[in-house]
Amino acid sequence: MFSVINSEWYKLRKSKVLFLLLIAPLIGLFIGIANSSIEIEGINAWHGKLVMMNFTYAILFLPLISGVLASVICRYEHQEGGWKQLLALPVTRGKVFLSKYLLLILLMLVMQLMYLVSIYLVGMIEGITDPFPMDIVWKSIFGGWVATLPLIALQLWVSIAFKSFAAPFAINVIFTLPTILVINSERFGPYYPWGQPFLMMNIGGSTEDVFFVPWDQILMVVGGSFLLFFIGGYLYFLKKAI
Amino acid sequence: MEYIVETKHLTKSFGKEKAVSNLEMKIPKGEIYGFLGPNGAGKTTTIRMLLGLMRPTSGSVQLFGKDMKNNRIEILKNVGSLVENPSYYPHLTAKENLEASRKILNVPKKRIDEVLQQVRLHGVANKKVKGYSLGMKQRLGIAAAMLHQPELLILDEPTNGLDPSGIIEMRQLIQSLPKEYGMTVLISSHLLSEIDQMATRVGVVSKGKMIFQDSIETMRKFAQASIQVKVNDNEAAWRSLLANGQKADLGEESVTLQAEDDEQVAASIRYLVQQGFSIYRVQEEKRSLENIFLEMTKEEQAG
Amino acid sequence: MILSLVKADFLKIKRKGMWLLCLIGPFGVVALQMVNYGVRKDYLFDQMDDRWLYYILNINTFTPLAIVLGIVILTSFMASIEDETNAWKQLVALPVSKRAVYLSKFTVVSCIVFLSSVLLFLFMLGYGLTLGLGADIPYLRIIEYSFLPFFAALPVLGLQLWVASVSKNQAIPVTLGAVGVILAYSAPLLPDWVIWKWPALSNDWDHSYINALLGIGFGLVLYVLGMIDFKRRDVK
């Protein structure tokens, strides 16, 4: 298992995917600096920044870029006979799928951490002197990551199914764009998987729980969609004619 | 002589590496030109430049006596090509694939059926190319190259992936083209035996340099003209032959005469006898083209 | 020559779902407002006296995003059709100029996006009529917000087509697209010279036609630059 992940990582490293991870903090810097947040007396200045930065980052960028990453991780295999070659090695298909998925979520975690750094940098550049609210930021970064787990599973599925980058991206876009509207709805927002990255990164949510959304919502929506997409993709890959 | 293809000092570098260097290719009209060379010799790179896909680093390409640089479109109207692996649109059928080229080439629709017939794909013409076997895709590529009945057909390893009967069909087809349509054909390969059976001229390229270019007969003559003589002292015999102005090579156990006809062989032997050498054996070695080819490319690599 | 190339390109995009995208884009943008107005019509009606204008502006929050992303997807599709088996080499070995090859791709993508704009006009008008937004139908406004984003997005089209057709790895144009849509979404924060801002039709002069004119002009510039670069490159 570890050797499969290792070989996946090797292939990825060669494809300069690390540059892709760098886009996240750059976007973070851009949104952070372009928006001037309103300072309110008595409230930690970081909070304003976080609300505003997380908004654009989590609604659009996070779901879209996770799809791109998933396509990148299947790129080698889609080129002349790559799947044949990979699966002719003594590995099970299940392990290949799992390795790709694990590597993807690992990369997403790295990306989230780099985004965290960009938040801090924005604050430094703007000269925010309030204490850095690590407990909140942490919740938000980690929560955003958890929320992308099902989306990545789906994107891995469609990336395996389609050769081109455009097709999985199109599907991703079709589900991601409505988020802007759906999260406004108290009734539907909590149930929309593509809205979860925003909801879990939104520091305005309830603060009693470990994350900014209630546990039952995480379990049901994030957990449920994860199971659906992961098992769906897994079974699809096992049966796919190569 | 009228050359259909003529390159002058053709050179292409990728970074520091010269993939093609100072290549002078000359193909007269109506010939089937076998373009030979081992992997990485620069065949495909040369062909890409012939088609204007790549710009030469220096040197020039002339097809039909016109310069590629300024007459690309006019020239390509009369050129059909298949470069490396066949290109196709997997989500379209064979017919639709050819139709996409036909629209641009502006030839009558019936040509599609004709070429599909020629490469024996008419039975699967309406199947998506995605589901084709390697050989079928290759046939489709050849069909696309012949769609507009070009005066010059350039095929880069066209028998790649074909089954034995496919190879024979392809050979017959290619051989018939100059006779029936006055076409000139350039066909690349790294298998000499394949070229030997249809080419009328050959060019051998190694490490980007043309190391042999002549008619296939000359190449065959090359193959027959070697006589090996075994004497008591090979080296002394060789020296004395050279001193007498006769061409010879020193081998490990024999001296090889580079004689062009029987009389020359007789003269050399007579001379050796007169010089007092004991001649143990005189034998003709029929070197195969394969051998010549290997030797040619080996010499290049060593040098 | 260019006409036959365009015809061939339209043949090649068969069965790729690109026509479906052409329909989904404008339909999706209006459908989102169907949901929006379906859920909270009364609230939305209270937001502005000019209900038609408010409805059109609501639609226009999504149009720029959809158009930018649509362009990203379509240009990447166009390039990947040729990339898949490296059909560029077969295409360019035909008696056509590389400039015409590039122009043809540009034309086909433009046609599809333009058709999407026509559909957007029809859907926007159609759904608006069922909402009872008032008797005064602002046809000009609807035309403005259906078609001007297309012209204003031409520079994005020029840029994406350029990057997509010269990149061996389609991750590059698609990532650029993801960044572009963030910029389009952040339009109000951006200075007027950022091309991703233009499809939103807002500018300091308050004349949306300026965005369209800028779009056509700068789109042409990026198209020419892309074409020159495409022509300059060797085909592998």
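Things to note:
Note that the chains are named A, B and C in the order they appear, and that numbering of residues resets to 1 at the start of each chain.
One rule holds in what follows: contacts are C-beta pairs under 8 Å (C-beta built on N, C-alpha and C of every residue); 3 or more make two chains touch, one makes a residue touch a chain.
Bear in mind that the values here come from a model prediction, so they are computed numbers and not experimental data.
Where touching is counted per the definition, chain A and chain C have no chain in common. Among the chains present, the centre nearest to the common Cα mean is that of C. The greatest centre-to-centre gap from chain C, using C-alpha centroids, is found for B. Our note on geometry: chain A versus chain C, Cα centroid distance of 26 Å, whole angstroms. Put simply, the C-alpha centre of chain B and that of chain C have 49 angstrom between them.
Chain A and chain B have centres, each the mean of its CA atoms, that are 54 Å apart.
For chain B, the set of residues that touch two or more other chains comprises 85. Within chain A, no positions touching two or more other chains are listed. Residue positions 84 of chain C are each in touch with at least two other chains. Of all residues in chain A, those touching chain C in their complex are 15, 20, 23, 27, 30-31, 34-35, 56, 60-61, 64-65, 68, 71-72, 75, 163-167, 169-170, 173-174, 177-178, 180-181, 185. Of all the residues in chain C, the ones that touch chain B in their complex are 1, 4-5, 7-8, 11-12, 14-16, 81, 84-97, 234-236. Interface residues of chain B, counted against chain C in their complex, comprise 48, 51-55, 72-77, 79, 81, 83-92, 96, 99-101, 103-106, 141, 144. Only residues 17, 21, 24, 28, 32, 35-36, 39, 61-62, 65-66, 69, 72-74, 76-77, 80, 84, 169-171, 174-175, 177-179, 181-182, 185-186, 189-190 of chain C touch chain A when the two sit together in their complex.
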